[in-house]
Structures are given as structure tokens and as C-alpha cells.
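In what follows, a structure is listed as C-alpha cells, so that the remarks can point back to it.
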Amino acid sequence: MSLKQSLYEQLVPEARASGISRLNLFIVGVVLASFLFLALETEPTLTGDPRWVQAFAVFNTGVLAIFTLEYAARLWVAGLDPQYRGFGGRLNYMTRFYSVADLLAFAPELVVMALGGGGSLLVLRVLRLARLVKIARFVPAFDALGAALRRSGSQLLTSLAVALSLVYVSAVLLYFVEGVGGEHQEQFASIPRAIWWAVATLTTVGYGDVYPVTPLGRFFSAIIAIAGIGVVALPAGVFASAFSDELRERRERGQGQ
Amino acid sequence: MSLKQSLYEQLVPEARASGISRLNLFIVGVVLASFLFLALETEPTLTGDPRWVQAFAVFNTGVLAIFTLEYAARLWVAGLDPQYRGFGGRLNYMTRFYSVADLLAFAPELVVMALGGGGSLLVLRVLRLARLVKIARFVPAFDALGAALRRSGSQLLTSLAVALSLVYVSAVLLYFVEGVGGEHQEQFASIPRAIWWAVATLTTVGYGDVYPVTPLGRFFSAIIAIAGIGVVALPAGVFASAFSDELRERRERGQGQ
Amino acid sequence: MSLKQSLYEQLVPEARASGISRLNLFIVGVVLASFLFLALETEPTLTGDPRWVQAFAVFNTGVLAIFTLEYAARLWVAGLDPQYRGFGGRLNYMTRFYSVADLLAFAPELVVMALGGGGSLLVLRVLRLARLVKIARFVPAFDALGAALRRSGSQLLTSLAVALSLVYVSAVLLYFVEGVGGEHQEQFASIPRAIWWAVATLTTVGYGDVYPVTPLGRFFSAIIAIAGIGVVALPAGVFASAFSDELRERRERGQGQ
Amino acid sequence: MSLKQSLYEQLVPEARASGISRLNLFIVGVVLASFLFLALETEPTLTGDPRWVQAFAVFNTGVLAIFTLEYAARLWVAGLDPQYRGFGGRLNYMTRFYSVADLLAFAPELVVMALGGGGSLLVLRVLRLARLVKIARFVPAFDALGAALRRSGSQLLTSLAVALSLVYVSAVLLYFVEGVGGEHQEQFASIPRAIWWAVATLTTVGYGDVYPVTPLGRFFSAIIAIAGIGVVALPAGVFASAFSDELRERRERGQGQ
């Protein structure tokens, strides 16, 4: 088997019946490590330490090198697939969603580094999130999420509309009770501020930065909380049920073949 | 096709087999924008700025004009439906739930504006919530919510009764442990105050404005929290399940035809 | 129809095929009102006002009179049921769970009031919670809750054991990370205190009175929260599903007859 | 029946068709009590009181004695099972997972106590968590949890990957909006800190130690909360559904036999 053929089998997921090749597993590992480093790089207690700064620089250079090599290798072996053969085929390949994400994952930083910018620009770091796509390709049934979204379409829309209406109406109510009347609380002094309270309450996050203090506000708030937790959880329930149905059908279809 | 006929097809949802016409989509957009502006209009940091105040005035006048025209157009084209033909038919039309909501959505503010009140009265703004009905008409399966409520009737009642009993009994317990005994906490000094704690805890909102501080209070509170989150989530679960059953039956009935 | 016969049909739920009689509906209303007053009676801002104090006294006396009359009437008409006829039958009737609860709902307070104690003792007020039983009798499918509890038996036990083990192990972990090591936080200084944190976190109540502050504590806490919300919600899910199964079977059994 | 035979039937769960023997119930009780004492022993308000310290010492010694006796008895009667007969069989028995946990539950503390260390070392106390295994053996359907984990395998992986991606991307977004821009909040000053916020929000724990304060941060936070609660609850839902399926199949298999 030629190097090109063996690289093809290591790099292209579709070349395998199931599972993930060692090379792709390594790449997934590099992506996960790069997310860890992206997070650490922003921590002030670490960026003040020259040793960490150096470690970040070395790691980032290494990651960029790996992704550049990976991209070149993918481009090279893509020719083994008839639809991506030749120059036009390669252009087709490069404009695929996955290939664009692969390019965004290293090219902009590489260009800035070449121009002497040091890769320290914040915006460039955000582009690293494109590396998520590299992982998504290997998560089983990841595409079932999109199918579940389409499948639950109108029910999801309905339940979201109901949830958002409840948030809005609750906010208007509490704005009047706590902001306009009551103790004139700063935190309820406008509808947008009351919406912040309504979202925190109805999703049951309840940070505790905003809460009603008057008896009437607490009375309405209690009713809204008891009646509302179900309503705001409806979209999530609809989606979860569609996702689970989608996966069951896939399994049954797979067994039926 | 006459203007009246084409307006009828644009305005009346029942005139279309499915989907939403461009004119109705525009109206839904105006309603959504009017809710955004209703919220922004109450924000003190914006109402202090004359440019925003002017923007609000211009926008509100425009919205009122659009809804007035819409109401007139709906009233005009309603005659194409045999049951709303003639003067008596129009009266029937105007007393429908949807038509009353349409009228409430602009008429009171228009009257006050004509009398020189400027439309700035708070109560008038609340009437704008009637515009929600304009959107509800186009949310698919919105009416399934009402059917789900009726369908889950006695189960919903039972689970709500259990949930509210648990809230009350928990509040009485913690009132004795934390308010009467213990550290005599202000926040547990009466049963109504303890109910506020019980609602915040059992819905898992947990603002953090009230919580037990004595070991005994924390012991009971922990048991209540672990046993109770399921019980208070029961009504929501019953309703969600009835909603999902209702939608499945509708889909099956639709396919059966 | 004699007064005794007509009272029997108004008072005894089993005498009706379905629904609730007007007299029983009135009694349920009185019970609900008495719970509202029980709560208000403990509120310091009201007990300082002589008018409220008088209102409480009048209301309580009225409620006691109603429940005394109700008890006497129930005892009288019980004789229409063969199994409660005569003196021995009445004794049987009085030792039923429902009858004991009915007695506890008024007799102790009546005795203390007769002795001049004014009915103001706190312990006596708690006995009013026995009035909940008066309502429970009329909540449809209330007894399905007990059946659901038995039905989910061993699964509920398993999921509770898993949930409690997770709470305990999480508490021990955070006790070491935050209490013994780390910043020596007061709130994590012992395992019982850490259990309070674990319960608040895993039930997602999250009051915010206790939370990890060290990076390591937050790291473990995040893992525990993501993995744990499902585990601690398991008992609730098991119970809700058993409750819903029980109700479906009852409906099907009812239709099958 | 010989003592050995009767001890075998009391100690070995497999010797009974169902239920739990009195001796094993006693051991479970001792384990539960030892967890209670392990917790109390760390409470500073108790460890300052010499009477409590003595009670802890007496209790721990008693528990160690009981578990030592239990271990010896189990080792002795194991010979009644052909596969653990003789010296080699006993070695096999001692290297089973359950036997190792039984040994860890008392031996290290016994050794330290013999050496005069008093059993007060913290690390030794953690080893007491091995006693959980003693209970797990008697929780019905406990092993169904492992089966549910395997059964939900790839779906659980997918939903966890989606949940963690959402946590990471939300954290990066809020880091830019609140930490880099906005009010330069300390709590959002790095991605790891923002991850702490994202976990607390998306699991709906919401301690309230970190929350966005700028309008833009609150806007994104509200969208993330409403869309995200469903996504982060997906893994839990997938696992709960697999657990319930596993239990139903076991029941049906049991009835089918």
C-alpha cells in the first residue's frame, strides 16, 4: 500500500466502516489540548509568568504546524476520491464546509505570525473555535442533532413562542409591581431589566442578583415560578424527545438493512 | 383578481392551505418590533435621551397607523366570508375574540393621542400586550396548548394539589425550625415568608435571599429539596406529556385523512 | 327525602357517582381559607394590628364551629351506611383515618379554647394541617400517588441510594479540596457543611451561600454538577413515570369496564 | 445445620432467593452509621468537645471490630462455595472486587491504630468510602446502572460532547463581552473563570457568585440560558431513559422465565 493510500485510510473517516483511526484520534487530542491552552492563555495569573508565556508560544507553534501538515495531507490524498480529482476537484474539496473550517483553524494565525504579529490578537483566537468542527466529525450521531431540530420544527417553534411570551408577560407584570409600584427597585426599573429577572427565574437559574421584595411581587413571582418552570422547559423536552426518536429510528433502520 | 379579493387572501389565514402570507408576516414583524420598543421605552437610560424619545414617538405613531389600517382592511374584506356579510355580519365579526384583541391593540392609544394625552399612560402600554394575539394566530399548533390543558385536566389538578401541599407543609416546618426556634431569622418569621423560601427552593430557583442557617433547618431543607424537586416538577411533566400526546394524535389524524 | 338522607348525599363522597357536592365544596373552601389565615396569623406585620387580631379570632371561631357541626353531622348520617350502624359501628367509623383527621382538625383547639387558653398555642396550629386530609379526599386520583410509590418501589430505592451516595461522595471530595486544603473556607470546614453544599448544587437550587472558590474546587464542582444533575433527578423521573403509568392503567381499566 | 452453614446463609447474598438476611441488614446499618460518624467527626463544633471525641473513638473501635470479624467470617465460610475452596480458592476470593473493598474498609485503619497512630489520619478516613460497596451489594438493580451506561454509550457521548461544546463556546462569548469588553469584570477575566459561570448557568445551579452585568452580556446570557438548559440536560435524559429501558427489559425477562 502506498503512503498516499495509507494516509487516505488514516485521514478520511468515510474510508473506515466504523471507529476512528489512530491519526484522527491524535488530531482530536491535539484539538482538545488546544482548547485547554486557549482557555489557560487568557488567565491573568498565568500570563504574568514568563515560563507559561513561553509554553503557550511553543504549544501554539506546534499546533499550527500540525494543522498545516494535516491540511496539506488531506488536500493531497483527497485526489483518491474521484469527485475531488484534479485541480477543479481540489477546488470543490476546499470549498466544502469541513475544509473551510480546517483552513480557518490555522491559516489566519499563520499569516499574522508570518507578518510578525505574534498570533496574540484576540480575534484570531476566536477563530480557533472552528477546530470544534474537527471533533464534531467523529462524534457518533452528531448529525442526528440537526435532523432532530428539523423533525421537531413546528412543535419547537410553538413551545419557544409560548416560553418567550411567558417571559415577556411575566417581566411586564413584575415591572409594574416591583419597579413602578412597590419599593421602586432599581433592578425592576424597566422592562428589559425585568426580562433579565424573568429569564433567570423561569429557567430556574436564579442567580439572586434580582428578586422581588414586596409581598405582591413575591406572590406573583411564586405563581409564575410554579406554573412557568414547565412551560419554559417545554422546548427542551420537545427537542430531547425528537432527538431520542431520531436515534431510535436510525438504530432500527440500521438493523433492518 | 380584485384588490379586495387579493387583500382577503393576504390577510385571512384560513384563505391559505398552509404557511403565512407576506402581509401577515410583515404584521407579525411589526408586532415583534413593537414589543421590543415597548420594553426599551421603559428603560431610564434611554428615556433621558431626547433622540430616543423622538424615535419612540415616531415608531409608536407608525405602528398605530399600521394597525388602524390593518383593522379597517380586515373589516372590509371580512364581507367576502358569507358569515360576516352585511352590517349584522360585521358586528358578529367585530365581537370575535381575535377582532376584539385587534381593536385593543391600537384603539385606546389612538383615542388618548387624539385627546392630546400623548399615549404615554402606563395602563395604555399594557394593552399593547393584546398584540400577542396577533402572533398567536400564526404559531402552528398553538391551540394544541389549550387542548393539552383540558386533556391533562384531573391529573394536572392532582399534581398541582400535591405540589402546593408540599410547598405549604415545607413552609410550616421551616417556619418552626428557623423562624420560631433556631436563629429567629427575619426571613422565616412568618409562614408567608417561609412559603417564599419553599417556592424558591422546590422550583430550584434558589435566589439565595432566604436559606436556612441552623443545622436542623438545613437537615430538613435537604430532605425537602431531594424529595421535593420531583413532586413540584410533576405538574410540568404531566402537561408536557399531554401536549406531546396531543400533537402526535393531530399528526396521525392529519395523515389518516 | 329526609334531612338525614339528603345530608348523607351531600356529605359522603361515595354517595355520588362523580363530582363533588355543594356542601363538600363549601367545606373545601373553608379549609383553603383556614390555611390562608393560618399563614397570615403568623405574620408580625399583621399581628401588631388589633383589627387583624380580631379578624383572626372571629374567623377561627367560625371555622371551629363549622368543623364541629360537620363532624357531628357526619357522625349522625354515618348510620345510613350498614357497616357504621349502632354504637359499635359509630366507634368503627370514628377510628377510621379520615374521621381521626376530621377530629384533630378542630377538637384540640376547641378544648383549649374552652379551658380559656385562647387557641393561640403554636402546637395547636400545627394540628390544623390535619385539615389537608379533608381536601385530599376530593382530589381525583390522589390515591394513585401511593400506588405509584409502591409500583416504583425497588427502582426508586436504587435511584435514591445512588443519588444519596453521589451527594455524600461529592461532599467528602469538596471537604478535602475546599475545607481542609484550599482557602480553608468556613462553609466547607466539615463534611456535614459540605453535604449542605452538595445538596444545594446537585438539586440545582444553588442558593449561593456556599460555593467553591479555589480553581481545583471549581473544577471538581463543575464535573459533579454536569454529571450529577441527571443522577439526582433520577428518583423524581422514576416516580413521575410510575405515576403516569398508574394513571394510564386506571383510565384503560375504567374504559374496559 | 452447622454454624458455618448458617453463617454462610446469613452472609452470602447469593445463598438467598431474594431479600436480605438479618446479619447483612445489621452490617448495612453499621455502614450507614459509620458514614454518619465520619461526617460528624469532621465538624469543628463537635471535635472541640471531649465527650464527642471519646464517643467517636469508642464507635470507631467498635466498627473496626465488627468489620474485622465480618471479614474473617466471610473468608471462613467462603470455603462452602466450591470455587473458593482451599488456599488457592481463598486467594481467588480475596482478590475479588468486593473482598478488596471489604479489606480496605477496615485494615489500613487497624494497622495504623496498632502502630499507635490513633486512626486520626485524614487519608485513612477517605478509605472508609470503600464501605459504600458493602451497601451497593444489597441495592436492588444497582448493577442496572452500569448496563444503562453501556446501553446509552454513543448517545451519551454525543450529548455530552454537545453539552461541553456549548459550555465552552458560551464561556468564550461571555469572556469577550463581560471580561475583555464591558465592565472588565474580575469574574469573567479569563476563559476558565467564564467556564465556571457557564457551568453554573447551564446546569441552572446559579450560585450567584458570577453573573453578567452589561446589557449585552445579559442579552447573550438569556439566549444561552433558554436554549441551553435543554442541551445540558440531554445527557441526563439519555441516561435516565436507558436506565428505565434496562429495568423494564429485566422485569419482562424475569416474567418470561
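Chains here go by letter, A, B, C and D, matching the order in which they are written, and residues are numbered from 1 within each.
Just so we're on the same page, a contact is a pair of C-beta atoms (placed from the backbone, for glycine too) under 8 Å apart; a residue touches a chain by one contact, two chains touch by 3 or more.
Bear in mind that the values here come from a model prediction, so they are computed numbers and not experimental data.
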Can we say the copies chain C and chain D touch using the same residue numbers, with more than half in common, or are the two sides different? different
Going by C-alpha centroids, which chain is farthest from chain A? Tell me that one. C
To lay chain A over its twin chain B by CA atoms, how big a turn is needed, in degrees to the nearest 5? 90
Report the inter-centroid distance (CA atoms only) between chain C and chain D in whole Å. 31
Between chain A and chain C, what is the gap in Å from one C-alpha centre to the other? 43
Check: chain D positions touching at least 2 other chains come out as 192, 195, 204-208, 233, 237
Give the list of chain A residues in touch with chain C in this complex. 204, 206-208
Show which residues of chain D lie in contact with chain A when the two form their complex. 154-155, 157-159, 161-162, 165, 168-169, 171-172, 175-176, 179-180, 189-193, 195, 201, 204-208, 211, 215, 218, 221-222, 225-226, 229-231, 233-234, 237-238, 241
The residues of chain D that touch chain C in their complex are 35, 38-40, 42-44, 122, 126, 129, 132, 135-136, 139-142, 144-145, 163-164, 167, 192, 195-196, 199-200, 203-209, 232-233, 235-237, 239-240, 243-244, 247
